[in-house]
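Next up is a structure, given as structure tokens.
The chains carry the letters A, B, C, D, E and F, assigned in the order they are written, with residues numbered from 1 in each.
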């Protein structure tokens, strides 16, 4: 029987391309539960992100600097290997809807099989954030809609700059 | 911005009529996440339990005595009021299936509204326990089926005794 | 091929025991879609309501009086028979979650079979109301929790009065 | 490794209070899959059925008499014990919707645990029957709606007689 | 408090590549609810449609010409901007299954946030159309299956022609 | 009214890229239900499989050789045409989760429409296999995780060889 470690370290993994207010809400809530919370960007070569890993880390640091027990990192390879290397025993995940739930359930069972000591812990997205996703935010701003209140202000500015640059490349 | 308390106390509320191996798995996993875990029986006058609150507390103590940071209690009234009185900031819940998820989601949002400082944290039932519920266990044993491996052994004995007594009352 | 009637009349059926802010949001939104909206209480003898049909009608009138095209009624028997008698061609329903969806889907298909001219129209509950139900509101206030913002103020007062009266009966 | 028995016997268990066209569709389809199909009524003392077990058996025999490999029976106790006694290796179940699916999944895993040799096999309800249930049929006819096409004609007559008798008892 | 506009205009947006009998059923039902119904094709450069926007508009006009209050259009950009430009206050959507429901729920909440005056209204697909999608229809005909009854006859002819042309290009 | 054929032949279609222990469990269970079970690989030109159809057939033969009534095949075109050509009257499918269920439900209804004589029969994945998929297995091994117990041993060896070869190609 394993016992509780003196300090519980949790990983909050994701793409964060870019971070939304839904992610930020989860970070704030997670920071009250665990001794250290590492927000960690998965390097996924096969996906075409809008922002580089470095840009995403900058944006994350911008919004988490006031949480004393939160830090930002990135990783590749298996999440449970990364977590073990960080001495983390918790993976933190948010659920917005049933379809999220099913994916998360499959991954949580697989991760538990791969590394039984690492526990996946779920928080349910606040009702104000239940419909926000990075994908939808990019789609809305790309089509000229307002995303005020859906992402941190610093992210909103970067998104506008990125899309203007994209537009001028197309002239 | 609230910060993490020095010690995180979690409540695992339920009926536990009786405790199953699914509950026990959750208690073991929860005990590794939080500094103190209080397994707490909801006194619900309107339900007709098989075991009294006192019997259920005994059965719980039987199986949690080896976890140094787990204790057993009972409560009535609003869960978030009880949690606040215990200085708990976490409510721990297990999810077995989608239908669980929807109930839990509604309760978690309501509880967050009633007491924003208290966080509901979810663990997904291990695949071996995903189909076990107190209700089904009682139904199976009542119809003469075997429940070995579904509940702790001490609970299995009590269930048989209870049902024999019920049977002899019916002679 | 039936064509659109000159005036579209919609029925919004329910128990409304009592009306919540979720119901009120749906009434407001529905009143902008159809020429007349009849909020109609189902008399269901087999259920034990907290408020009588007359009290519920009063509470509904209280909150809909400012909507010029909304009225309040009650009915028994088959909904589609009632709708036809009212010359309504629409049944309005709100969906909060998947479990709602499945019930509504079964009823909508059955109603369509019984009366193909009557259309069931769904609105999705606003995110702020997705976790509110009459049942949960009664449970929370019964356990001493605050329901401010979950029901109209006039309903909150009635709920407190009703529960005090219940309490003094129990001395 | 168990091998296929020479004759595969399947149980189709249920309340059948009364049989609907959805049940009948499943019986017809099941009769083409297995050597013998036993449609079997669960005696459930705690439920208040509209028709007695004997009446339900009569109604079932009425509609299955043309299927040479289908018979009608009833049982109490654990389904898997009954199935074993009948040398059946299959339990046949229909699924209409997600909420059905979750219940069935829990029961199938429990039954597999109790008796690994007995397999639960699922057919999806035809789209024309997806919204029909015994409960809804009784509700509709009780409120004066038409159930033509939802149940076999012989069942429709019995339902009308039963409800008229119920009505005259109430004079 | 906004009030009901004198004429309610609804948009039914989609790809319609090609229109199916499921879409047509929804158009017919929607035309009975609102004063004007605009069936509008989303120009989506990133998808590779089988039929051009112009072809799809032709096919739509073919089947809606008998509905006096239905017209056909196309749009790009944000749906709610387009709807506002058309003075529409309603977006009409069909739901076939749970997975549809979750997507639609996310989009409806986002659209409501972007433009609170525009209401998303849902109809549930008739049971005969619940399994039909443009994607599946193309797949079935591409593999040599019959799609009679799944799409309007004029669309069936165009689909066969398109696929024969595709085949002769491959000689 | 069609009657049961003397011998029931079932098709278990899939990609099997590669076969997992979840597939194998389903084959074993299916072999006890039907007289002949044909495990059949869908040739799908548009997908990029890890193993060729020939390799996948070899891997399947390896693990099914001990089942006297199971054979391996491949097909292209419509599944129901292939089934009819094989004189099969059953399509066997496994369901792991709700999201599977919805896809399968749509396909089962479409197939029933295309060929009413062919019945789709569902088994629920055993709880030990509910989180295993070919996609996830490839992902885990590609990231250096252990897949022992998730696939047959012969498949595990092939997967390692394939990925080493892929690696040495990248030097």
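By definition in this document, contacts are C-beta pairs under 8 Å (C-beta built on N, C-alpha and C of every residue); 3 or more make two chains touch, one makes a residue touch a chain.
Note that this is a predicted model, so its numbers are computed, not measured.
J.: Taking all residue numbers used at the chain A/chain F interface, answer same if over half belong to both copies and different if under half do.
T.: Result for this pair: different.
J.: Taking each chain's centre as the mean of its CA atoms, which one is farthest from the centre of chain C?
T.: F
J.: Please tell me the distance, in whole Å, between the geometric centres of chain C and chain E computed from their C-alpha atoms.
T.: Chain C and chain E have C-alpha centres separated by 31 Å.
J.: Using mean C-alpha positions as chain centres, tell me how far chain E is from chain F in Å, no decimals.
T.: 35
J.: What is the distance, in whole Å, between the centres of chain A and chain D, each centre taken as the mean of its C-alpha atoms?
T.: Chain A and chain D have C-alpha centres separated by 48 Å.
J.: Enumerate the residues of chain F that touch no fewer than two other chains.
T.: In chain F, the residues touching two or more other chains are 98-99, 102, 105, 109, 127, 130-131.
J.: Which chain pairs here would you call touching?
T.: Final set of chain pairs in contact is A-B, A-C, A-E, A-F, B-C, B-D, B-F, C-D, C-E, D-E, D-F, E-F.
J.: Which stretch or stretches of chain A touch chain C in the complex?
T.: Listed in rising order, the residues of chain A that touch chain C are 98, 127-128, 130-131.
J.: Please output the residues of chain E touching chain C within their complex, sorted ascending.
T.: Answer in residue numbers: 1-5, 8, 28-29, 31-35, 66-69, 89-90, 95, 98, 101-102, 104-105, 108-109, 112, 119-124, 126-127.
J.: Can you list the residues on chain C that touch chain D in the complex?
T.: 77-78, 80-81, 98-99, 102, 105-106, 109-110, 113-114
J.: Could you list, by residue number, the parts of chain E that touch chain F in their complex?
T.: Residue list for chain E touching chain F: 97-99, 130-133, 136, 140, 143-146, 150.
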